[in-house]
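The same chain A turns up in both complexes below, where it pairs with chain B and then with chain C.
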Partner chain A sequence: MLTKVRLMKLDREGITLLVMLAVLLLLPAYFHNDQYIMHILIMCLIYGVVAGGWDFMMGYAGIFTFGQFGFFAIGAYASGMLTLYAGVPTPLGILLAGLITAGVGIVIGLPCLRLRGAYIALVTFAFHLILVPLINSDLGRAIGTGGTYGLLDIPPLAAGFSVAAKVPWYYTLLGVAFLSFFAIYRITRSSIGLAFVSLRDSEPLAMSLGVDAYKHKLMVFGISAFLTGVIGAFYAHYTGIVSARILGLDIFLMVMVMLVIGGMGRFPGAAIGAFIVTFLSEALRPLEEYRLFIFGAIVVAVIVLLPEGLMGVLFPAGRVGPGERFGRFIRQTFTRQLGKKSIEK
Partner chain B sequence: MTREVAEVLISGIALGSVYAVMSVGMTLVYGVSRVFNFAYGSFYIWGAYLAWLLFGAFSGMSYPAVFAIVIPVMFLFGLGVERGVCAPLRRKAAWQALTMMSTLGLALFLDNTALIAFGPHKKSLPPLLKGTLNVGGFVVSTHEMVTLAIAISIMVGIGLFLERTRLGMKMRAVAQDGVGARIVGIQTNRVFSYAFALSTALAAIAGVLLAPKYFMYPQGGWTILIKAWIVVAFGGLGSVKGTIYSAFILGIAEAFVGWHFGLQWPMVFWFALMLATLAIRPRGLFGTGE
Partner chain C sequence: MKILQVNNVTQCFGQLVAVKDLSFEVEKGEIFGIAGPNGAGKTTLFNLVTGFYRGSGDIIFDGRSIRGLRPHQICHRGIARTFQIPELFLTLPIVENVKVGVHFGGRGAHDERECINEAISFVGLQGKENVIAANLNLFDKKLTMLAAALATKPKLLLLDEPISGLSPTEAREYMTLIQRTKKELGLTIIVIEHLMKVLTEISQRLMILHNGEKICIGPPKEVTKDKRVIEVYLGG
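Here is the complex of A and B:
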């Protein structure tokens, strides 16, 4: 009973998430015939989860990780290989891929426990960079990565889930993305989440109060890798193809831009950032070679001018912002309406 | 056999001097301001492109003249970048993450500007000096020897600068204790800017020195960034001495591993060596406290 009451008590981040869900549930009503828009929306959801897992690590736990796409690729390859070679049913393959990625995440996390700041960034980025030659090498081919060709003909999620079946895929991934974000939301509001934030803000103080830094950091790595691995696996089954190109620097940077524009450590900014950046990137596509150039300039400008991203603009710390005002307006309108009705009765 | 080993050793030392020049600027800026500069590789490649432009624009351009233009231009550019992109973020709580990301954005911007301006094809600079030298029975290219000599003089120069000049001493003071430095009246913001500008100029020098041998292309800075990063982390982020030792250790290791096992292995060996070192000494070989 108590948990039920707690679940109902949502703060503004939770409400923002629910508003986003409501909007996203309605979108296919307008776009279900447009394959292109539906594909972009699906990619928004996928990248949104990657950005969310990244934000969980970097924004909440303060761990400078650059290995998120490594987790994404491992999830994608693991599920693809399990279903292709071992004949594992797809949903089970996705779950196993998540668990495998979580294991890898914890292994990557181990050397990071004693390191800090830029060193963690180095180790995790090294993990990302070493995967590309590994996947493409003879060793990778022996494991079954398919070398430079990658994995082809990865089976779909279930019958009826072809790449062309955008609407079922959209709702499936919306569910997955929502569950991932809801999990992050719940964790950051629990005592474990509080431990993460305390470790981020002052590790010595947190440890002196009895917070186990090693355990909690490994948990962060495990959880974030699990979520990223699962969405990587979904990506593999959605597109049906996986190659080392998903480890490309351009995608890496794009998701980082999502994080920045949404607002780092400002849940669910990463999800909002994912939609803005993916659509912006598509809109800039005709500019070809100027696209990344403009992207870079936007990143620098946004970080310097709005270091807390869009969430910082909507809900600035310490004062009432446009987001809060909008919420109050809605609340007042509703209460006024209700008040009138009760008087009429 | 011994002759072959000696040849490999010489090429390893030459490689080490190259890595030292590449990484010393990165460790300097991290040591002083704790900023991890992702645009370092782009500064490197832009230094090389600037030299290429100068060679193209003026026939009969000599290397001393090129350096006389490239170094101050890149120094001022670095100063501008620090003032415009890094300094405003310093007041924020998560400034370390923010500067990492803003310099990453800057790298993206600079690389793609280079792509638009110069195209994707590889370009090269003429060698510093043509021909070969005979050193104790070994034939080495003059260019490599000149690079080695310049690298050593740069390192000696940086050492003297940090030990003897007022600005160098200020940099060391800020690196040791930023708050303490401010208490004794050092304008830390200015020191940060100069350290950043100096590191930009050093990256550009490395770019000009290495372009004749390794070519330049818009994304070429990334390999350099990653290599310099490993060199710096292995030696200890922020330690100039550690960086120079680690550059030579890794350069010689690369030469021997590449000679014995094949060319795809040095990078794997580097990562393994770095991980093992960081597991035992989390701050690298010569790193001091955070």
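Here is the complex of A and C:
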């Protein structure tokens, strides 16, 4: 009965998520013998959560951040190091990695409290860029990152979860991805989500109406970093190897393309974008370096033709016209200083 | 009884002194008007009172200092404001704009839905609850901003040029609303406005600022006859 009532409260985005879950549950029935397809599906789920966490920050809270893969790497390394060196059981290591990443996220969020728009992007991108030399340096090796070799032989999630055991991994990661997206869905529809959106739309008004900007912004950083750190940890245990290559700009850009194609701030666009872009990336692999060129062209075309991404096509009756909303998003993101000026006026 | 006391408040932006050693008091239940030329420091004063700027000096609200408090804390103490250029949550409908005020500033409202409806009805936006704020005209945007501010259940309401950009009919309607707010909700209201005619009509007392300094304060009739006010603001 309770389930029935809850289901009835789901809006179209929630129903889209459930439909996706239903379809994804069935896929191994057709592809369980194809290791390659199963691997791509698993990577779709992993990137989907990264993109979802990123969208939570950028699309819902309006915090223009480039630090998402930093959180992913910290989660991966933290869980890898805890399980390899401290003998922590893998599930506990994953949870601790999430918490450690959330802590780092909050620390990164602190200087961002006084910044706006592009300045937050610069600080978080600096955090991303710092991680690569840190991981590869002598200091990194001393901490236990393994330097340029990275971490090898990271234990699997449990017995039977070898890298070749795609189906158990797939269902586990599907569960994790669903829980992550469901958490984002619930948060964005709660009063906390209302605070995030209000701060995104007009920080001065939100604060004057009683919204604690500092608390909610730190909360966004913490939640997004936690989800990304957890999926980073799962990635480490799935592949068994982690190196600074996961901070490469190609993956970074690919996840950004997922957001654009899915639709920023259009739940669950990030998940849809993850599947499309990951498969597209594989399909375009024979084109080698031209692949990025095609991706670039796709991004430009999507921004011009479908500014709200595929979610805008699926549900065109958005709250505001798609072009207007996208234009506003860009304006608000890059000209947050204007908000301050309007106070001064 | 004084609800607001501003004591020797100064706000500088680099070399510019936007508000200079300003002191004044606002009585509970009055409509207090503030006028002055552009750059006089009127909005800066609102930003100081609502915690957006820190400045120096002290501000006492309802018997307690609010110096150093952040905007949301000041809202929780009972001060609400509107903005000169309408600030709204443009992607949200009116009802959710007002909900932010009720939920985060309403200080434990028991029935949020009822509070939202009350605020929306009070400003006359009933029937438009689900209209997205971005699609509203200027007048309705200003009304929504007012409804959200009222939804925080304030004791003191600061209105920053509430009728600028409105048609004469809309301006008249808004002025009536300000008077109703005072009468029916018992609020103290501070209004910044350029139109002296409006201020003299609705305010019990007026303060004229010039270059961040108070040049005159008192009942509208006295203020409009003040030589310095005529010289720097009203013109010969």
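The rule we apply is simple: the second predicted complex is superposed on the first by the 309 of 345 C-alpha atoms of A that agree within 3 Å, B and C clash if a C-alpha of one lies under 4 Å from a C-alpha of the other, contacts with A are read in each partner's own complex, and residues count from 1 in each chain.
Heads up, the rule we're going with is that a contact is a pair of C-beta atoms (placed from the backbone, for glycine too) under 8 Å apart; a residue touches a chain by one contact, two chains touch by 3 or more.
This one's a predicted model, so the numbers in the text were calculated from it and none came from an experiment.
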item: Chain B versus chain C as contact partner of A:Val304, first or second or both or neither; value: first
item: Which of chain B and chain C A:Phe64 touches, first, second, both or neither; value: first
item: Touching partner for A:Ser202 - first (chain B), second (chain C), both, neither; value: second
item: Which of chain B and chain C A:Met264 touches, first, second, both or neither; value: first
item: Touched partner set for A:Leu194, first chain B, second chain C, both or neither; value: second
item: When both partners are placed on the shared chain, which of chain B and chain C touches more of chain A; value: B
item: Touching partner for A:Met256 - first (chain B), second (chain C), both, neither; value: first
item: Which superposed partner A:Arg285 touches (first chain B, second chain C, both, neither); value: neither
item: Touched partner set for A:Gly210, first chain B, second chain C, both or neither; value: second
item: Contact residues of chain A, present in both the chain B and the chain C interface; value: none
item: Touching residues on chain C, where the partner in the complex is chain A; value: 43-44, 47, 50, 52, 70-72, 75-76, 80-81, 83-85, 87-93, 96, 99-101, 103-106, 132, 134-135, 145, 148-149, 151-152
item: Complex interface listing, chain B residues touching chain A; value: 30, 34, 36, 84-85, 88-89, 92, 94, 96-98, 100-102, 104-113, 115-116, 222, 226, 229-230, 233, 237, 264, 267-268, 271, 274-275, 278-279, 282-283, 290
item: Footprint of chain C on chain A - complex, ascending; value: 191, 194-195, 197-198, 201-202, 204-214, 319-320, 324-325, 328, 339, 342-345
item: Complex contacts: residues of chain A adjacent to chain B; value: 58-59, 62, 64, 111, 114-119, 121-123, 125-126, 129-130, 133, 137, 249, 253, 256-257, 259-260, 264-265, 289-290, 292-293, 295-300, 303-304, 307
